[in-house]
Amino acid sequence: MSYNTFGKLFRFTTWGESHGPALGCTVDGVPPRLSLTEADIQVYLDERKPGTSKYTTQRKEPDTVKILSGVFEGKTTGTPIQLMIENVDQRSKDYGDIAVSFRPGHADYTYMAKYGIRDYRGGGRSSARETASRVAAGAVARKTLGDGITIRASMVQMGAHKIDYSRFDWLEVKKNPFFCADPVTAEAWATELDAIRKSGSSIGAVIEVVAEGVPAGWGAPIYSKLDSDLAAAMMTVNAVKGVEIGAGFEAACLTGEENADEMRKGPDGKPEFLSNNAGGILGGISTGQPVVVRFAVKPTSSILTPRKSMNAEGENVDIMTKGRHDPCVGIRAVPIAEAMMALVLADHKMLHKAQCG
Amino acid sequence: MSYNTFGKLFRFTTWGESHGPALGCTVDGVPPRLSLTEADIQVYLDERKPGTSKYTTQRKEPDTVKILSGVFEGKTTGTPIQLMIENVDQRSKDYGDIAVSFRPGHADYTYMAKYGIRDYRGGGRSSARETASRVAAGAVARKTLGDGITIRASMVQMGAHKIDYSRFDWLEVKKNPFFCADPVTAEAWATELDAIRKSGSSIGAVIEVVAEGVPAGWGAPIYSKLDSDLAAAMMTVNAVKGVEIGAGFEAACLTGEENADEMRKGPDGKPEFLSNNAGGILGGISTGQPVVVRFAVKPTSSILTPRKSMNAEGENVDIMTKGRHDPCVGIRAVPIAEAMMALVLADHKMLHKAQCG
Amino acid sequence: MSYNTFGKLFRFTTWGESHGPALGCTVDGVPPRLSLTEADIQVYLDERKPGTSKYTTQRKEPDTVKILSGVFEGKTTGTPIQLMIENVDQRSKDYGDIAVSFRPGHADYTYMAKYGIRDYRGGGRSSARETASRVAAGAVARKTLGDGITIRASMVQMGAHKIDYSRFDWLEVKKNPFFCADPVTAEAWATELDAIRKSGSSIGAVIEVVAEGVPAGWGAPIYSKLDSDLAAAMMTVNAVKGVEIGAGFEAACLTGEENADEMRKGPDGKPEFLSNNAGGILGGISTGQPVVVRFAVKPTSSILTPRKSMNAEGENVDIMTKGRHDPCVGIRAVPIAEAMMALVLADHKMLHKAQCG
Amino acid sequence: MSYNTFGKLFRFTTWGESHGPALGCTVDGVPPRLSLTEADIQVYLDERKPGTSKYTTQRKEPDTVKILSGVFEGKTTGTPIQLMIENVDQRSKDYGDIAVSFRPGHADYTYMAKYGIRDYRGGGRSSARETASRVAAGAVARKTLGDGITIRASMVQMGAHKIDYSRFDWLEVKKNPFFCADPVTAEAWATELDAIRKSGSSIGAVIEVVAEGVPAGWGAPIYSKLDSDLAAAMMTVNAVKGVEIGAGFEAACLTGEENADEMRKGPDGKPEFLSNNAGGILGGISTGQPVVVRFAVKPTSSILTPRKSMNAEGENVDIMTKGRHDPCVGIRAVPIAEAMMALVLADHKMLHKAQCG
């Protein structure tokens, strides 16, 4: 089943293929009278767009967004906002191999198994180009959240090489091509990724995204928990294979005494937590602490080394993916992570207001 | 926002509190003419029910399920199936501390922050007793999937102690109180958990759940990916802090060559994969390989060591959770994991049939 | 596809068959801290319950509701509210004919065509007993709406005999067995329905339901218009064949001058409308005027005259429905109409608050 | 709450305002491998487009549709189909009055009451231009239904003047500017509407839409009944004030004997109904007979006679709607009716297949 909508109240529906004429999304449920311009959205698209460093694909896409509806005289009207990005660099290349063979690690075979047809050009719908729509929608979500909530993400691991959290500084994120909050590690990664890139290989990564300023009480107890919605959101991003909240998988190793975040009365009468293993969420509902999510991104499956595969005729073939690819797709997942966090929070802000506001 | 329904076509809605008269669920969308009896469901509830070993809470609950609708002469009719479990052991105890104080690691504070009211008896709606409904619904989901799909789970880590996969044997799972596929590790865990239990502490765990027989093509490309639905499903289970598919977080450390599962033509003309880092899912759609999900469960927050907290009046207090608790809630998460896998797959089976069947 | 949930934020899911052990519903999304007791609900169930006059079925059902979850110390907690009504009068009768033959005008054939199985006892899931759950849920919806909104319904036509609106008085509704606001017509109907009842026949009716106090601005422009949600809601009630808003079908006969309700500035600065052809809704959004809905109920299909039909073996048969039936099901549709109006409005109150509150 | 999506499995989301750069829709859930071209869609848009006779608005809009995604080499791929229609004739006129005053019968006031802002140009989102998207989506729905299902609509009443059903002939529908199956009445309407048009007034209408070839068993018993989904669908169309199925409001006047459609065994073993008061639906599920829906359209609210109203400053004003308007919007509702029928049926075809296929 095709399902291209995310969210319950703040909903967005994306459409478009990698090499079609355009792609975009409809953002529905947006509160009225928020100021919104194309520039408000473009700034986030520019962070995600390809070709900004040698560590991202050299496909040239300006990723210019147009607002086609839902905004009048610079303000949202409460009606659906259509955001469109035209594809420019649909390089007219020979898709020969990809058209008939299934690239390992890609969705070629599964799309064929499901639909019996696929738009193979640049990966079609399975291309990460779809995430441009999410980043655009995320910009609208941030408007909905307002200035009190800050959402930031950092790449915190490349391959097995993790950052040193003692050097963590959000201000560093925009200063290096890895969106990395630890400048020393970023420098080391540069050398490592250069080697990987030159060898035609690729590498995985881990991203951490943090939302500060989320009030206590957002979320829901059972099947739309704030953490389960976040897990779903991050797991929908291309190449993501794992998601964790707060202490995450490390929590398995902890005792009850170590894990449960103690509280003391804070200056405003609200609890002040002495740790944040919960990642800002207990019982599916925000605690008022920072909401902390991490997710693992697998290495780009498009590599220059030939791999064993099959073609649509059922013959064994060896396939090598030529063309323009990110040696570490985790890098461009950083702005997407922020967008997904914003989108989930905007939805929960509205859901909370509806029942308990 | 309260949201107590899961699934798109195969939908279940749960209700009930830990110490209310009963709890249960409505399972809607079930195909007609499947044979279904209370015994078909009871067998799974018996696996999850408390008090089966010294490693689970000593609360005595028979967890007897009644089918109140949707089944006629032993067959499903296509109308909603209501499953009810009466609460028996609502021990009339003094809730003194819990009633007014927020237990660290529990949802006490967040429910209060959200709703301004909470049923504190036994944790109310946030109690893991809610998962009995899921296990019951999961039994109906298995009927929907049919015999061709096998779903099994094992605890694979307790604290930092992981199983040895070279000893992995599904037949062992029902032979030890840990639902552990590695009998040697299970024995070691017994000693370790005894010590933890006696000290009034608790410990976390990791569960692995595997579905075999899932055909290629189930799932969806973007926002209802098979993996994102599974991530959401597992993350809704009490105490879960992380979810991963296939290689999961390990994928971050791999190169593209290592990660992308190669294919060769199999005897039936379908691809045979040479590895399963993808965990049976590519681009949100099943590959035909086993679907492999792991998730981390935090340690039980109810422990005998006093912890710093606050009460509803905003005063600092120290709180200790007396009563009957699981020293490792991960154990009873095993049958729940299987149920959630079955529920997601039943939904996707129907979604696939609708569009591509 | 079985689909037993109604509403987007204020959602209820019903379950149960006419002759099963019980029926009920889960009401989800209810705001917390509303006072709610079984008595608050019972008062509405008593209006709908059978056997209150000779004009309704003589099946004896106390329709006693139990609250099984979601209420703590007399207040809603924000978690799902389970309401259960046990079936008492499941008269152990011979279902012979009904079991194998398709009653004309009933859903016997269509259920069989869809599901290949049906619970024929008393009509199973297609019985109007399901509406008891709606009336129970409607009582919770009224609590959500608060005292500022008044919802009342009247039967306004029986057969071709319409009431005289010049005698319309809401206070009369509870004084006659027809829930009719025109006492003179009610008296005439009594004579007419007596004759119909004695002849073993039945007759249709029209119900009007009015909500006063709905503020301007509830609803939505396109696919969840207040009027389309109301139309859907009323059309889900058993035996309903038509729904209209305000002037309804009469609007087809009007000119633009006659139809468009003119406005003047009211004492509070808001518009005062000089007529209400719109039935309180323009562009899918409430105007602040009374919301007026009417719907047509077909005559009870269970009649004593034998009718031509088929049985499950494909043989022609003549079938006569013995047993206890309402000669005019429209009567008992009156409290159901009020409940459906309350349920739609509660949903839209919350939807409005989420986006524009 | 803004809600711009319709359908459960076959879903479409519309966007766009009357005088924005473009409008369109995303059609999601479409089965793969259906042949689909822009011409397949254009033929239906051409029926709805303005300016085809003197009885429709003289706004000049080619309503040319572009497929931006979801189709590859002339076949649907199962991914979302984006259909876009650029607005051409956004006549740069003086919106003076409309910009600040609330036109009676229009949604001007209610949008302002809801959102506190509105795009007044040509009615913005409340303009019937939105229905172009529905007609486009309807063409995709027809492809999903296949050739076995025929959907046709006719205007059957203009003002109080009804057609004579004894002259009903589907072949006549495309031969007159009223989409009327009775050519004699169509001729009389021409004279009547000329007079109305010249006087600057307008008139209401009733449309009938019939689907033949729908198999028995589509629909659902309770809250997604085929009839309630159809009622909702038709009631979302601009200016619709009433919907009825089969005998509709006339059913209120019938006795049980008259109303219940008798059955005899048909040549194929399936029942042959002796009448169709049910309009092809019993208990929310199709019977295999033609599905018959009628709905009432109010007269165009834009008329040349000044009407009493208010402006945004709360002052009493008289307002007259100049410009290009349909004297009977019912005419252009005919292709929209067919589209909505197709959209509901496509959804139910898929829903049925999912559970019972």
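Labels A, B, C and D are assigned to the chains in the order they are written; within every chain, residues are numbered from 1.
By our rule, a contact is a pair of C-beta atoms (placed from the backbone, for glycine too) under 8 Å apart; a residue touches a chain by one contact, two chains touch by 3 or more.
Bear in mind the structure is a predicted one, so any value in this text is a computation, not a measurement.
K.L.:
Could you pull out the chain whose C-alpha mean position is farthest off from that of chain D?
P.N.:
B
K.L.:
Applying the document's contact definition, name the chain pair with more C-beta pairs in contact, B-C or A-C.
P.N.:
Between B-C and A-C, the larger count of C-beta pairs in contact belongs to B-C.
K.L.:
Using mean CA coordinates as chain centres, what's the chain C-chain D distance in Å?
P.N.:
26
K.L.:
Distance from the CA centroid of chain A to that of chain C, rounded to the nearest Å?
P.N.:
Between these chains, centre-to-centre, one finds 46 Å.
K.L.:
Go ahead and note the Å separation of the Cα centroids belonging to chain B and chain C.
P.N.:
39
K.L.:
Find every residue in chain A that makes contact with two or more other chains and list them.
P.N.:
1-5, 9, 14, 29-30, 32, 78-79, 114-116, 125, 221, 351, 354-356
K.L.:
Touching chain C in the complex: which residues of chain B?
P.N.:
Spelled out, the residues of chain B in touch with chain C are 1-5, 9, 11, 13-17, 20-24, 26, 28-30, 32-33, 66, 68-70, 72, 75, 77-82, 114-119, 124-125.
K.L.:
Which positions of chain D touch chain C when the two form their complex?
P.N.:
Where chain D meets chain C, its residues are 1-6, 8, 14, 102-107, 109-111, 113-116, 125-126, 130, 157-160, 196, 201-206, 215-225, 227-236, 241-265, 269, 271, 274, 277-279, 281-288, 296-303, 305, 307-310, 314-316, 330, 348, 351-352, 354-356.
K.L.:
Give every residue of chain B touching chain D within the complex, in rising order.
P.N.:
9, 29-32, 78-79, 221, 350-351, 353-357
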